[in-house]
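What follows is chain A paired twice: with chain B in the first complex and chain C in the second.
Now for the complex of A and B:
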């Protein structure tokens, strides 16, 4: 298993994914100039743009690594040769997933440091009215990384049954948008003021809400940018939600991959 | 290689007229129309703060562009309804964005004359920015200066005073507000705004208005001194200068001429706006203190 994690990480680096990240990260250098356009919240805008860029890079990585990695290995017939070794299909899938998850987390930490540097630089030029909530900033970066690891898990679930990269990539994009909005829809439908929706629709929406990944739960940008306090219990629940949901999705993907026909 | 060179030459030939066309595109077209807030929220996924900030920036840059043109005597009336729609959408995505409230306060009140809309927006912001004294200060000022509702103004000035601990806000909420004229309110407000403005464009806007109101205050003091001595209002600004109550003729930075109305109120032909700012439908011009 550890060998597979190592091989996955090496293969990601071999594909020059890291070069792409460094190239994208150059945009961080422009953030202080863009933030200077703000009228009253330069540091806040700087952090907002930095965290948004970090999220965007992680989204691209999660989509393309999660959506194409497994498919590419099958296409190159690399999977077949590995599976001739004494290793189960599920261990193979879990090893691959862990490799990408570790890579996503490492990139999030690295870009988080760059983002922190940008914020420190901006706050040196335009001191903020309120102190920067660094603990919230760290929470936002870590939770963002976990969110995109969950995106990778979803992409692996689609990859375990898909025969091309279309289903993993586009399926994951759809789930990402729906999962980012599911909380809003759930809040609206279950609000006591909403009376024009039938009980059946409300129940159905609740079931869908429980089934879909809730990506909005991992969004702590507002707390980081504006120093809005984070409830400790809520954070713990979110971490627990991540652990359980990710385990279920990966286990399901492994199960489907075990049963998949491979010629 | 020859083909590539040809294409590059073609691109060079097109890019200048293209850039010129884009630059001259009507501003309202550039500001564009927005999808509904629900659609924006769905489409922006986990980038709501970014999209919210981008919308605010879009409006600021649009308005800044018009101000630049106005300096060069090219007057294009701002599309205030579109600006208002965009700012309202932005705060639905990022309700903490102080740029949105700060800018909305500036253009919705002085320029677009939409005081109630401005106060509703600011009140919404107060639910989120619970630490920020600027929002109740703005509402208090709007009530006192524009809506003449001094009880409501006192309530919000008091809130601003509680949050900021600043003597000015506390005194505005109390005795001072009843005694102070509208010009004093304007000067107090504009001093705070100009002091807090970080962008040169915003600071310049507030400082210009502050200069205008300080001139009004000068005239008011001279008028009051004249009335005290002669028992009547001066017939004109010229009379104040001739009788020595004003050392020189006050200059309106907006390019207008100050005057004293029949009821004694001091006004200016510019209505505290650069020429062309009051051509927007629904905008009845600048404020007379």
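Now for the complex of A and C:
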């Protein structure tokens, strides 16, 4: 399996699309000049922009890697030569997933460092009113990485049954947007003030809420930008949620992939 | 010991709109360790289907098979198997050296042995010069050579090769035949599919002919060639004028003072006795037989009828 993780990482690093996406990280350099337009909250704004950009790059990577990696192996008939090695399909899939997860995490750390540099630079130009909450910043970056690893997991679930890249990529995008909004929708319809919604809709929304990944739970940007303290219990809950959800999705993907015909 | 045991293997593909293609119909076949087996059949006969089922790529819809006693549904059945897919393609962003290392590691080959095996198989398949280049830049025949190198690199007991000679130049084909004969010498089992009867004739112990998903013939190459024996072409120098003693035999060619006769196998001894009796001089004797190709064509025609 380690062997597969290694190969997966190599494939990512040698891919042109990845080079393009990383190239887009140069946009980080623009952030200080954009943030300087708002004189007062320059540090907050550049942290906000940096974290958003980091998040966006990770989203692109997650969609691109999660959505096309398995499909490409099947499409280019690499599976004939790889799945006939004495490894089970599950370990193949898990190995690929781990490779991409490690990669996403590493890129998040790297871009996190770049973002921190941008923030430090901005705060040097216009010192902030309150000290920068670096611990919250780290938490925001790490949880963002976990969020996109979860996106990769859902993309793998789609890839394990899909015969083109269409289903994995667009399915994952849909799930991503619905999953990012599901908390708000759920909060709205379950609020006591909401009365004009049928019981069925409520039930349906609740099912969707529990079934789909709740991506908004991973959003700690506000805490990082405005130094709002993070509750340890909430953080732990999110980590546990990530672990359980990712495990279930990857296991399901492996199960479906195990049954798949390669022809 | 049986290396591959196929019993009642069947595969029905479900096409679009509920069409069904019965690609394999109850195939049963045992292949021994140390045997080189040629799996012969026309296009679309079901050779690749059989092989993909053996390698766990597709699930058979009937029957079962064992490789070295392990059921093919488990990945442990492939622990000692080298597989070459038809028209193979390998991770093309890797170099041949990296790819072979990856494969060898997957088979738990380690350390010095790994390096040694990788170098050996690269050299054997004449990829040594190109080993540091990504496979993306290889020609078709070079990719096929990578395919052969990656089965040799982990030195398995059983080789399952889907058209190993396809895409190779004459030198490559000769090399593959040599390698197969060498594997046989070392007691390995080689199961390969092909359409080329000549390849089978040169290297195989046994041959199976599959037509429309059914095994139509299964015999040793020796038996087939012997049963196809038509007779001998004998050239003699007729020192004697009494050529008419050979009158009962068909004359193939005369080229004074040489005459070539077609001698049916059953009358060979009789002919030679005459030769001895009349002190004619035998220049050469050539076997005349139907080759494997004729045998193959006959079976395919019968099978398709």
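The criterion applied here is as follows: the second predicted complex is superposed on the first by the 257 of 263 C-alpha atoms of A that agree within 3 Å, B and C clash if a C-alpha of one lies under 4 Å from a C-alpha of the other, contacts with A are read in each partner's own complex, and residues count from 1 in each chain.
We take it that a contact is a pair of C-beta atoms (placed from the backbone, for glycine too) under 8 Å apart; a residue touches a chain by one contact, two chains touch by 3 or more.
Keep in mind that what you see is a predicted model, and the values were worked out from it rather than measured.
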Where does A:86 make contact in the superposed view: on chain B (first), on chain C (second), on both, or on neither? second
Is A:11 contacted by the first partner chain B, the second partner chain C, both or neither? second
On the A-aligned overlay, A:261 touches which partner chain: chain B = first, chain C = second, or both, or neither? second
Considering only the touch criterion stated at the top, classify A:77 as touching first (chain B), second (chain C), both, or neither. second
Taking the superposition on A as described, I'd like to know which of chain B and chain C A:203 touches: first, second, both or neither. neither
Name the chain, either chain B or chain C, that contacts more residues of chain A. B
Thinking of the overlay built on chain A, is A:19 touched by chain B (first), by chain C (second), by both, or by neither? neither
On chain A, positions contacted by chain B and by chain C: none
In the complex, the residues of chain A that touch chain C are 3, 6-7, 10-11, 14-15, 76-89, 261-263
Per the touch rule above, chain C residues touching chain A in the complex are 13, 52, 55-59, 75-76, 78-79, 81, 83, 85, 87-94, 98, 102-103, 105-107, 147, 150
Complex interface listing, chain B residues touching chain A: 41-43, 45-50, 53, 57, 60-61, 94, 96-99, 102-103, 129, 131, 196-199, 202
Where on chain A does chain B make contact in their complex? 36-42, 44-45, 48-49, 51-52, 55-56, 59, 126, 130, 144, 147, 176-177, 180-181, 184, 215-216, 218-219, 221-222, 225-226, 228
